[in-house]
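Multiple structures are listed underneath, in structure tokens.
Paired with subunit B in one complex and with subunit C in the other, subunit A is shared by the two complexes that follow.
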Partner chain A sequence: MTPIMQIRDLSVGYASRRAVGLAVTSVNLDVEKGEILGVVGESGCGKTTLAVALLGLIESPGVIQSGSVQLRLADDKLVDLVGLAPRPLRQIRWKEIAYIPQGSMSALNPVLRVRQQMTDTLVQHGLSKAEAIERARWALNLVSLDAAVLDKYPHELSGGMNQRVAIATAVTMQPAILVADEPTTALDVVTQRSILQELVKIRDQFGTTIIVISHDMGVMAQVVDRMAVMYAGRIAELGLVLNIFDAPLHPYTQKLIGSIPKDTGQHLEGLEGEAPSLWAYPPGCRFHPRCSLATAICREQTPELREIISGQYAACHHCD
Partner chain B sequence: MDSFPLRQKRSSSQNLSALQARLQPYLPTAKYILKRIGIYFLTVLGAVTLAFIFFHLMPGDPLSIVFSQLEKTNLGRVTGGAEVAEAYKRLLGLDQPLPVQYLLFLRNVLIGGFDLGPSFVAFPTSTRDVIFRQLPWTIGYFTSAMLIAWLIGTTIGALLGWLRRIGLTSVAVGIATLLNITPVYIIAIAAIIFFGYHLHWLPTGQPYDPGLTPNWGDIEFIKNVLRHAIMPIASVVLVWGASFSLGMRSLMISVLGEDYLSYAKAKGLTPFMILRDYAFRNALLPQVTALGIALGNTINGVLILEAIFVVPGVGGLFVRAMAIHDFNVMQGVVLLSTVAVLTLSLIVDLLLPFLDPRIRRSND
Partner chain C sequence: MENILAVNLLQQVFGTRNPTYALDNVSFNMPATPSILNLVGESGSGKSTIARIILGLLHPTKGSVFYKDTDIFTKEPRWQKQFRREVQVVFQNPYSVYNPVYRVDRVLMKPIQKFKLASGKAVANEMILASLKAVDMRPEDVLGKYPHQLSGGQRQRLMLARLHLISAQLIIADEAISMIDAAGRVSFLNILLDFRDRLGISTLYITHDLSTAKYLGGEIIVLYKGRIVERGETKSVTGSPLHPYSQLLVQCVPVPNPKQRWKEPLTDSGELSVYRTPKRDRCLFAERCPKVMDICWNSRPPLQKPAASGPDARGEVACHLYQPHGN
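Coming up: the complex of A and B.
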């Protein structure tokens, strides 16, 4: 399979007066066509910054330090989203890569009707007004919403409905890639589940590649094919979600999975300490201060992400 | 056959519920509007009452002031003492008990169309006429200047906010801050010295050239008035425009940090569309409220500018009335400006639901 998106050595930081703190540090990642890839990690691990970088939305004080995000278009041409001029970037947005925002309640403009917010981008991409509305109706129908929603304002809809509107808006142009940033946060579990099912449905129906960003291992387990576990700006582990849940390689992943409540009633394992701030990463492996396996090499050398078992990668000195 | 009337009945009730369903979306708005108007009338009533109480509690007997006024205006000593006083008391309605006076006052003001009795300064001209003679000047100079200041300030402020990352805009922000803190009379005096005395471009004062007789049908006269109005209006526009632009800039910047803005960007909208439909549109809402209050306040006139440019207006009238204890005129000006602020806030309140759909629901 040829990856639809190749992320190479991507480093994204936030500039202060004196230094740049890297929220994402040399991330390499191939996104396969038609897969649902999960990016998981605790708050502040850089997953949202990664998503924002993939959308080409990094803005001052954010800065892309290095790397590239190659997107394969339908005609097999590669486009680097990093450093693309505003005009071609605008054309790629929504047509090739669309975005399902975190907390659609605040992502939708409170003073515009859903109709305008769903269709303005379509008209911008060259559809006629009537076509755009037809497309919006179709997309709403796809996520099981009534077309009457078009005449509503966001505050007149529930949180789940707003999230569905956001998903519908994202598929109006039938993009090749969807980036969903915490698509189910702030929703109750029942709504969460149905929203996730919409995502799976969209992938199954249109072969859309979906990147799901979440802190929730449960979300990962429910919808994702492959997942990348991020810790302190780096990818700690990458592999099929089933394999990772079965046999996590990285100590961090092990702890994460160990902290999921189970029905056996056994005592939950916690993860001591806090993730480091992007202004003060420890040297060597960034996880070593919290790791029970840490040795001298962990404090000095940064472990590379390498294939440990076929298809399962980890960045750890101790997981052979 | 006997089922026919039944069916008809049902269909009419269906029609009714269909009508209800169609009206349903407008109900919150209607409720909101009725509530605002109700509150408006209650507040106006309160303001009129306060004005009445306030001016009846003030020390000094209005009658003795009227008499001294009459003496000054060369009518000589008032003879007949008590009888004349009685006559004037009756004329002014001061012989009635206070509650009756209050009710009469309410009737005269609210139903009688702002009838506040005669002015003491210009006795027996009515207070209403005295004030309304000055009002067009005040509106012409200051209300229109405030409107211009708002339009220019809001536009510039929106652009300054939008381009906040461009270093050059901080120069403009600096200038606006400076103008904002400069007292308007300094600007006015500086303008008079520079454009009036140095360059001789513009007249330094007066509403129109002293030799002219007012004739609003004459285009030359109107041109003359406009030429004289440039400096007073420009002073207001500079100072208040700067203040409006700073306000709008910070509103824009706070809106630019909202999630819906980056979402709009992710959708691939052009910067112009984002500016128009997402940033400006949303930042405008509080700015409109600010305009309503500012416009209402201009009805007082900007006394200091009226004095500097020697132009007629309500502000000057108020000061003259104060100097000779002309209660009726003072009361009239206070009432007028209160009602103006209230009325303009009402207009803004009624406009807001059309700008911000959230208001239609949140206030029920």
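Coming up: the complex of A and C.
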């Protein structure tokens, strides 16, 4: 199968006066058409930076240091989103790839009615006002919201409803790819489950490719097909979510899965130490200071992400 | 002293023309023996309001809170000072509790000065080191740093070091780990368990996350729209919940196992309308309940032992399904 998006050697950093700290370092990733791909990691691991880079929304002080993000359009043509001029990028955004931001409460403009927020982009993309409202109604219906929501302000809606509005806005143009950044953080569990269900429904109905960014292993286990585990700006492990939960390869993934609280009285060890800051990555494997398997090679050489078992990749010197 | 904390018939009403009952007759106790009590509910259930009242930050409309048999709103200054030392809070957001212009040492130094805990600088330093050790932190990792140099997990743990330092007796942890990373969460919970077992510190653990409550064990209270709908042992409530709302909660926890995925689509889509409750003598879950009966709209189910339970059962549920007249 030809991937719908190919990320090659993508490095994204933040520039200070003296240096550039790489929040995303040499990421290689193929996104298959119609899959739900999860990107999981601790805060500061670069997952949001990666999401923002996929949309071409990196702004100063952020810089794309190197790499490419090839997006396959409906007519099989490839465009590189990195370095694309603002105008063609605007044409692609929403229509081909749309973003569901983290914390919809703050992403929606408090002084505009939902109607205006939802139709603005559509009108920008050349629809008439009436068509735009028709689309907005259709999209709201898709996420189980009543069209009456159009006349409301964000503060009149609950957190879950706002999140649905954000999803509806993203799907109005029926994009090929949706990037959802922490779509259910700060929502209670019942709302979380029903929002995640909406995302799966959108994929099943339209074949939309969805990239879900989250720190929650439970969310990963429930909805994604494949999962990329990020640590300190790099992908530590990549594979089918079933396989990774079954037999995680990378020591970091093992710790991450091992520290999920389950039952009473079952003592778990947390992961000691802190993830390195992007200004002071350790040499070699970035996980080595916290890793119990670390040896000399881990302190010197950066492990490449390689296929260990069919379809399951890990970046570790000790995975064989 | 039978209870370290006794909360009696708390009622908190916001607004007068359209009164919202943030809390509606909530009562519970925490025993004098060290324990962990989980308080679970979705946003708007009133769990943070309870925390604010217990901390004395909010006067309830009705009802009372007793800490070690004394009303917490007593005016006696010496008692108040003691209360403020013994009952401590860990808030949700580890980014907003620190003053960014001071080094983090200050949150440890200040209470020592305020409560005159140490006779000199050397003793003070000794105490700080001991408290950092109690929460498994290395002094060189934190002392002398500014808040922005620490991770969320480190900052929350430092708050626990502070509680250790001033020998708190009751911790109110209000969504304390919802903003820290998965790997740091277990460490935080382990410290709470360790504090209970080793130092006799009790915790009121407020959360929306059933899985962490399950990890902590102890007792659990499930709140819905300002009312207790179910309470009992955490193990039995999370294992076989009785109230339809608790059942819904348990069904919606994202189980971290891709082999146990949610099967049937959820029919309940969460709160899709901003609620107003003009009528109070009914079950507030009625409109979402799959097992709703006529009586649910017309009478508030009392919190009591389910009709079918044995004499040893400790659980209580507020649902007409389990009342003698229910089924």
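Heads up, the rule we're going with is that the second predicted complex is superposed on the first by the 317 of 320 C-alpha atoms of A that agree within 3 Å, B and C clash if a C-alpha of one lies under 4 Å from a C-alpha of the other, contacts with A are read in each partner's own complex, and residues count from 1 in each chain.
The criterion applied here is as follows: a contact is a pair of C-beta atoms (placed from the backbone, for glycine too) under 8 Å apart; a residue touches a chain by one contact, two chains touch by 3 or more.
Note that the structure is predicted; figures quoted are calculated from it, not measured.
Once the two complexes are laid over each other on the shared chain, residue contacts for A:Leu157 go to subunit C alone; subunit B is not touched. Once chain A of one complex is fitted onto chain A of the other, the partner contacts of A:Leu57 are limited to subunit B, with no touch recorded for subunit C. Once the two structures are overlaid, the count of subunit A residues touched is higher for C than for its counterpart among subunit B and subunit C.
With both structures placed on the common chain, the touch criterion links A:His215 to subunit C but leaves subunit B unconnected.
In the overlay built on the shared chain, the residue A:Ser66 is in contact with neither subunit B nor subunit C. Of the two partner chains, subunit B is the only one touched by A:Trp94; subunit C is not. By the touch criterion defined above, A:Pro110 reaches subunit B but does not reach subunit C.
By the document's definition of touching, of the two partners only subunit C reaches A:Arg193; subunit B does not. On subunit A, the surface touched by subunit B in one complex and the surface touched by subunit C in the other have residues 156 in common.
Listed in rising order, the residues of subunit A touching subunit C in the complex are 42-44, 144-146, 156-161, 187-197, 215-222, 241-242, 245, 255-257, 259-272, 274-275. Residues of subunit A touching subunit B in their complex: 52, 55, 57, 59-60, 86, 89-95, 98-99, 101-103, 106-113, 116, 120-121, 124-125, 153, 155-156, 169.
Against subunit A, the residues of subunit B that register as touching in their complex are 165, 258-260, 262-271, 273, 277-278, 281-282, 285, 355-358, 361. Within the complex formed with subunit A, the residues of subunit C that make contact are 42-43, 136, 141, 151-154, 181-190, 208-212, 214-217, 234-235, 248-249, 251-262, 265-266, 268-274.
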